[in-house]
Amino acid sequence: MSQSTVYYLSGLGILFFINLVAVWGLDLHFGFAGVNSFAFIVFQAVGAYITGVFSLGRANTPVTFETYILGVHWPWPLALLLGGIAGAVLAVPVGWIAVRRLRGDYQAMAMLVLALIANSLIAAETGWFNGATGLESVPQPFGNLNVSLYDYHWVFLALAAICGVVSWWIARGIARSPLGRSLRALRESESALAALGRDPNRLRTIALVAGGFLGGLSGGLLIQYVQAWGPASWLYAETFLFFTAIIIGGRGNLLGTALGTLLVPIGIVEVTRELPQFGYPGEFADFQWVAIGALMLVFLWFRPHGLIPERKRVLRPRDDGASGQEAPARALARGSQR
Amino acid sequence: MKLETPARRRATTGLLEASSLACSFGGVRAVVDVSFFVQPGTITGLIGPNGAGKSTVIDLISGRARPSAGRVRFDGEDITASKPHEVARRGLIRTFQKANVFNRLTVVENLLMGAPEWEGERLSRALGPRAWWRRGEDERVSRAFEVMRRFELEHLANHYAGSLSGGQKRLVELMRAMMAGPKLLLLDEPMAGVNPTLALSICERLEELRDEGMTMLMVEHELRLVERLCDPIVVMAHGSVLAEGSMAELQANEQVVDAYLGD
Amino acid sequence: MTIVLFGLYSAALYAIGGVGFTLQFGVTNVLNLAYGSLITSSIFVEYYLTGHSTNLWLAMLVGGVAGAVLSFVVGFVVVGAFVRRGAAGFSIAMVTIGISLMIQYTLEAIQGPVVNAYASSNRSTLLSVAGVNLDSQQVTAILVAVVLMVVVHLVLRLTKLGLAMRATADDVSLTRVSGVSPARVRALAWLASGALCGICGALLGIGIGTFDAAIGNDFFITAAAAAIAGGVGKPYGAMLGALIVGIITQASSAIVSPAFSSISAWVLLVAFLILRPQGIFATYAAEREIVA
């Protein structure tokens, strides 16, 4: 395999983990808690911007000509962590909207417009995050290692994989635990959940904060990889991309969403980037979006649960001794008397 | 004019006390002035024609709606302004008129949700090793299977609740409520739309529970079942309490017969 | 005065677009997020079919027909199929966004990321009030809007179909009482909505002078702000909403900065969606059954 192919594949791997973290975060919102988090891209954006302004150092230097808030040069792990925390913090106001229990499509539209507002505002206000141009020249993790461009990819791939493992730990922990069950119950019927003594708002906030943290982490990783981030990177349609990954792969389960991530953001967008371009520059990207829209419709029609549907959790009592054997027989006996 | 029955004269307090409740939506006064008591160990019935305000009263008691006037006291505590989950935590568990199970959870999982919230449901436990919640979970699963055995529905344990028939869903709701170890069960039309055989079976279960000391407040339309299960019975019409007493006493009351019982 | 006059002009466009949106939403209860792409497609179709003509009347005619046909296909046929299968709120949102993306990027794929331009016509000043000039095209837009509002009002009040549409907007079961088949009412709602959408597009395209495949998107959100603030399914509310939005956008453009003109309307939309989804006028909460 040629070096450039290896470079390309390792790059795909990095982007896979970055997208995976984000998609798992959205699945916590949507697949588990049932929040139509259609502003999810903003979580990624917030993570990216915060990581950026905490790594870039002072603004308005003759070197960079960028204007932005804050602006310190902290160690990259801290900046990355802060990106995740920023996403978690953003979850709180988003929670206030989710609490209103709007009809599904109203909620989607409200979030969509909020994402649009956020994007337009940040593009207009150059003082916040350097407006439409965005942040550039973000220092990379292990940036002062004296390695070649190709070898650096492995370094970053390892970092991305570690973040993937951390996200897996969080998402799987929540998914298989009693907390995960409460979240799924929240998704099914908020009124029944409340009637059983659990506070729906508190549970929803937990899901939103956890998912928000993952979204922010994904953004921080992304800006550290690409070293740049601007409003054009987070238009509201990007959330649709994540949702497509979840719907196609299968919501409410980590494996399904991982498959969806492989197919949609990686498969359709990144892999095909390398195919021979035809037509005018960007024409291929247009076809990608048409394909994504079409895929969403096709799957919602034929297979709304996705390629790997949510697994049924089968539970049995632990003491399968005499009592276990007796019970079904007793039930059968009584049943036949009816 | 309220019928003075011996039961009513005795009641100045109860496990559940509703006093002068009133509530309006969008200009309609659904509940005008409702007061009654539920004594421990009874199945108190709440009956009345459609639109009398019965479901609203249940919503007011369970915290789903806020009264514009009046008070609700449960087990000595004022719960008028409490939110639904706070009311449930005190031991007042309700079921719903339209079967309200968690569809994409299995029957076992539904019952597990009925058990009161415990430390295993915390985020900190979720992020830790399985052992941190395994044992508590196993205990609750065993208890759930016991309840299912008692209701003879063990064979449905790992079916999705959403795939069950209407009557079975009601039983799931009832079993789930049992898992909560309630002090008072608020049943909103538990037999509605259930076939007679199953309804009778639910009846038997409720009688068993009452004999074990469970208190219940039941809204129901099926008068034969009400007659069999409930004493006393509160009759509502047009948002207020018309009368209260046993079925025999109510059948002797002309007002009640005119408003509801007669044909 | 600039604010008022240009606000009036903007309001005219938002009114036509907003009433189209709210009519269809009221009858079918479908939040059609593909509406913006329908506006865009109408502009494209009439631009090419009329040979880039700047004749407003021709453009409106062709655009209106194109809009009606597209709206029918997208709404009644495609979205309708999903609804009849039982799709609920959020799935419909996903479907309409998917359709919107498909339409927008197909248009762009066909003709490239080119910005189309109309030949600059003779923009003579027709109306001058307190030193602010409106040209013939803008005045026409305002007049057309007023006429259309009157037409909509008359149709809703006086015709059988209009009555059926109002009945459906209040309660689906009432449609049967009106004597018109529910399917026909729905189909008509999509058609009418599409026609208004197309007319709006024609005025918008020629008014701005240039357009690309994304032109309908931001405009739609602003028009939706007018419709939802005014009350879902209440055309008169949408008209009032359009006036409010028209003034707000012009005012914020003048007072704060041009970039903020749309943002202020969008904030209004979000505020209504979150705090009062039924709008200023409607009295019920938006919990009705979705048909299509």
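In this document, chain identifiers A, B and C correspond to the written order of the chains, with residue numbering beginning at 1 in each.
The definition used in the following text is that contacts are C-beta pairs under 8 Å (C-beta built on N, C-alpha and C of every residue); 3 or more make two chains touch, one makes a residue touch a chain.
The shown structure was predicted, so the numbers you read here are calculated from the model rather than taken from an experiment.
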> When the mean CA coordinate of each chain is compared with the mean CA coordinate of the whole protein, which chain is closest?
Replying inline: A
> Which chain has its C-alpha centre farthest away from the C-alpha centre of chain B?
Replying inline: C
> Can you give the whole-Å distance between the Cα centres of chain A and chain C?
Replying inline: 33
>> Suppose each chain is reduced to the average of its Cα coordinates; what separation in Å results between chain B and chain C?
In response: 48
> Using the average of all C-alpha atoms in each chain as its centre, how far is it in Å between chain A and chain B?
Replying inline: 41
>> Looking at the complex, which residues from chain A come into contact with chain B?
In response: 169-170, 173-174, 176-182, 184-185, 187-189, 191-200, 206, 210, 310, 312-319, 327-328, 330-331, 334-335, 338
>> Under the definition above, what is the set of chain A residues touching chain C in their complex?
In response: 36, 38, 97, 100, 102-110, 112-114, 116-117, 120-121, 123-124, 237, 240, 243, 247, 279-280, 282-283, 286-287, 289-290, 292-294, 296-297, 300-301, 304
>> Considering only the defined contacts, which chain B positions touch chain A in the complex?
In response: 62, 64, 83-85, 88-89, 93-96, 100-106, 108-109, 112-114, 116-118, 120-123, 125-128, 130, 133, 136-138, 141-142, 144-145, 149, 152, 154-155, 157-158, 160, 176, 180, 197, 201
> What residues of chain C sit close enough to touch chain A in their complex?
Replying inline: 31, 33, 78, 81-82, 85, 87-95, 97-102, 104-106, 108-109, 112-113, 218, 221, 224, 257, 259-260, 262-263, 266-267, 269-270, 273-275, 277, 286-287
